[in-house]
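Consider the two complexes below, in which subunit A is the common component and subunit B and subunit C are the respective partners.
What follows is the complex of A and B.
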């Protein structure tokens, strides 16, 4: 899995391309922690190219969400693909991790 | 006699690399059986990867030999089945009932997820091998 980020006007967009599994989950957590430490506490994780996520990946997203909130911000997810959507719904975590159609829309109403 | 249309097998150390290997095996398996619907592929793949990850993260060796992972997947006309085994392993520790963790918990959702994804999950222990058998009745397109 590959990670990248870009600081936008009101948030930082993190892209996670590949499979978000037990191997990549700790790396996502570390990557987002670094982005937050760099001064961005409003994070959008763009999952457009995340074809797969398991419960480890979900745990990492929840950890990142907590880290963003502890820093006074928030974390939202965008462009969720069908398998990821399924895992979010089956675990009822779709209520906690709000999914937006695109990264642009995630913080557009704040 | 069962009508196995396609299969894949993996055997190797229960280490992180195995997750990607088994996932690649599943991706190539679906190419052999394009009639298996996307939803069945997606749910079954997720359940198998959850089980494999569970062994890699939690299985403890029973003796001097390290834990080995074995995955045998078969596709029959209306049945997807995976036997996911931990060889040279102690019996699983702790409750095997799925937990319902709090919404801010970062772990503990795997077993419940597996149960939601497949039709049946059974567990067998023979000598020092733990085997989870995941079965999903698949719809025919």
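What follows is the complex of A and C.
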């Protein structure tokens, strides 16, 4: 699992490449918390290269969402792969998070 | 062969039982004494359903041959939950857990946050977890479920072995159970709870051989083995999934509720708000528009995070405009506040600028909306942060004080499978005095009834019919307190007043009743395969006040939000001498039974009563008294003294 981020015009893009599972989930939380602490409260988690996600990974996303909201911003996800999409549906998390086609589009209407 | 025999006896029980109860309802009721006749036949029907559910349970009795070898790379966290137990006890269990052979991390989950325990854990290289800073004092702590949920966020093993403070595990507990998880659908493996400080005659009925035996094995056959809170291994993925599903459900519920209440709240705010300020009215208009739009978006299937984000942005923008426009009028206040803030923040070296002040004035707690509580409550609820809980994701169910049962039921409803492994792999300590034992039983019963009332298994989506009935069966047994009262009352009424709830005690009665009774006892003997079940039968009747109290307090809790009066079961023996006051209702009932028997015999001698009725009812009284007699031994029980060692006087008690 590899995390990286880039600050764009109106948001910060976090890339999570690899398998987002119970081992890497806490690291994602930490990483995003640091990005928020760095001053970006609008976060897009780009999941293009996240081949696998489990419920712990999703739990970490909720934790990140909460942190972003508390900082007055928002967290969105983009470019989900089929397995991740399935997990989102299975847990009904797709009711909470919209999966945007790409990072660019995530905040395009706000 | 045993299976065939068990099923045969189940069939016979159902036939004889239905035959008897049908006759009772249709042909035997003494309507002149309906006030006892009806309750008695209802109580008997209750008991028939109880035994039928037991029959259904053992119908599929599953005897497992043991698990395949565990996957060597499976990662495991061993959790030892503690709150205020003796440190020696915690450390004995923790060190035994450390010696479990399969690779794992051992964690002490200390809800008491005791520095001494932390030091001991560090000294022995054990993990130590306390509640994170998210668990502020204004949020519900959820007792043991909260303790476990907190630890789940701080650890990352694929599997979790959960142990109560007193449950000392065997080194092979994981080797013998992890293999079941090779089946990817298995979420839970439960092993028995066995107590090492209980004498052979078990005066407090601590061992539950029928439950940790035929009942769990039967439930296992229906893929409904229960999670019992300790000595169980769980799959993290299943728990986290439950947490997520619960999070989505609660969030959606809260948003729908808030939207439904929003119009009323805004109307109310308009009335009470300072209408001299047109700006407040303007903001309220904006809030109303935002909530209306949110409702539309919700109906259109937009995601909850989007909806709530938009409402917040819109309301925040409106508030900011308001504040900005109002800033002149507020100038004097602002200066005062800015001075305060400067003094405060200045120490940290952060400069306070005017822009920031406007921002601050717009923040929720300072904004003019803050004063409009009803509106603010709606806006607070329109969020995805689940601010009323310490963690958005709560994997273990928090709807009941017995989080285990509720959690397992939700797992089963999600399609996960469970396993009951019938081999003692941990040795615990049972309560050694009646008071503690009663507290514990009350808690179990309360928790079970809470689950019944909050998430009735009979109507839970996702559960198979067999699973529904397996959960319902356990809940049903906890209603026995009411039946017991009637079973005690009926003979007293006959012996004192000569009023019989049946039309006559004739051949018709005995030919139906006796076969049912006999087959019923055979069923327990066959299904129990020689394990002692008498103690359990005694307590299920004798603890009727506890069961009734559990039902009434749980109902008040669920329906009216009253507290349960919940207490952690103390693991150390309670002080004081024999406490007869604990069983006052039972003493009164026993006295009444004894008096009734004497009066009945006198009535017989004076020709006021008939011999057969008196005989049956006196026999019934004797049975009741024998049942209750266990309580005398329970009150007098002085705690466990191992036979091999000389008796040691306990200092603390």
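Definition applied: the second predicted complex is superposed on the first by the 110 of 110 C-alpha atoms of A that agree within 3 Å, B and C clash if a C-alpha of one lies under 4 Å from a C-alpha of the other, contacts with A are read in each partner's own complex, and residues count from 1 in each chain.
We take it that a residue touches a chain if its C-beta (ideal position, glycine included) is under 8 Å from a C-beta of that chain, and two chains touch if they have at least 3 such contacts.
The structure presented is a predicted model; accordingly, all values stated were derived computationally and were not measured.
Legend: residue contacts after superposition of the two complexes on their common chain; A:26 is shown touching subunit C, with no touch to subunit B. By the touch criterion stated above, A:56 is placed in contact with subunit B and with subunit C alike.
Using the contact criterion defined above for the overlaid structures, shared-chain residue A:91 touches subunit B and also reaches subunit C.
By the touch criterion defined above, A:70 lies against subunit C but remains apart from subunit B after alignment on the C-alpha atoms of chain A.
Once the two complexes are overlaid on the shared chain, A:82 sits against subunit B while remaining clear of subunit C.
The intersection of subunit A residues touching subunit B with those touching subunit C, taken from the two complexes, comprises 22-23, 54-56, 58-59, 62-63, 66, 90-93, 95-96. Taken together, the subunit B residues at the contact with subunit A in this complex read 16, 19-20, 23, 38, 42-43, 45-46, 49-50, 53, 56-57, 103-107, 109-110, 112-113, 116-117. Taken in their complex, subunit C has these residues touching subunit A: 153-154, 156-158, 236-237, 240-241, 243-245, 247-249, 251-252, 302-306, 309-310, 313, 383-386, 392-393.
Of all the residues in subunit A, the ones that touch subunit B in their complex are 19, 21-23, 52, 54-56, 58-60, 62-63, 66, 82-83, 86-87, 90-93, 95-96.
Across the complex, subunit C is touched by residues 22-23, 25-26, 54-56, 58-59, 62-63, 65-66, 69-70, 74-76, 90-98, 110 of subunit A.
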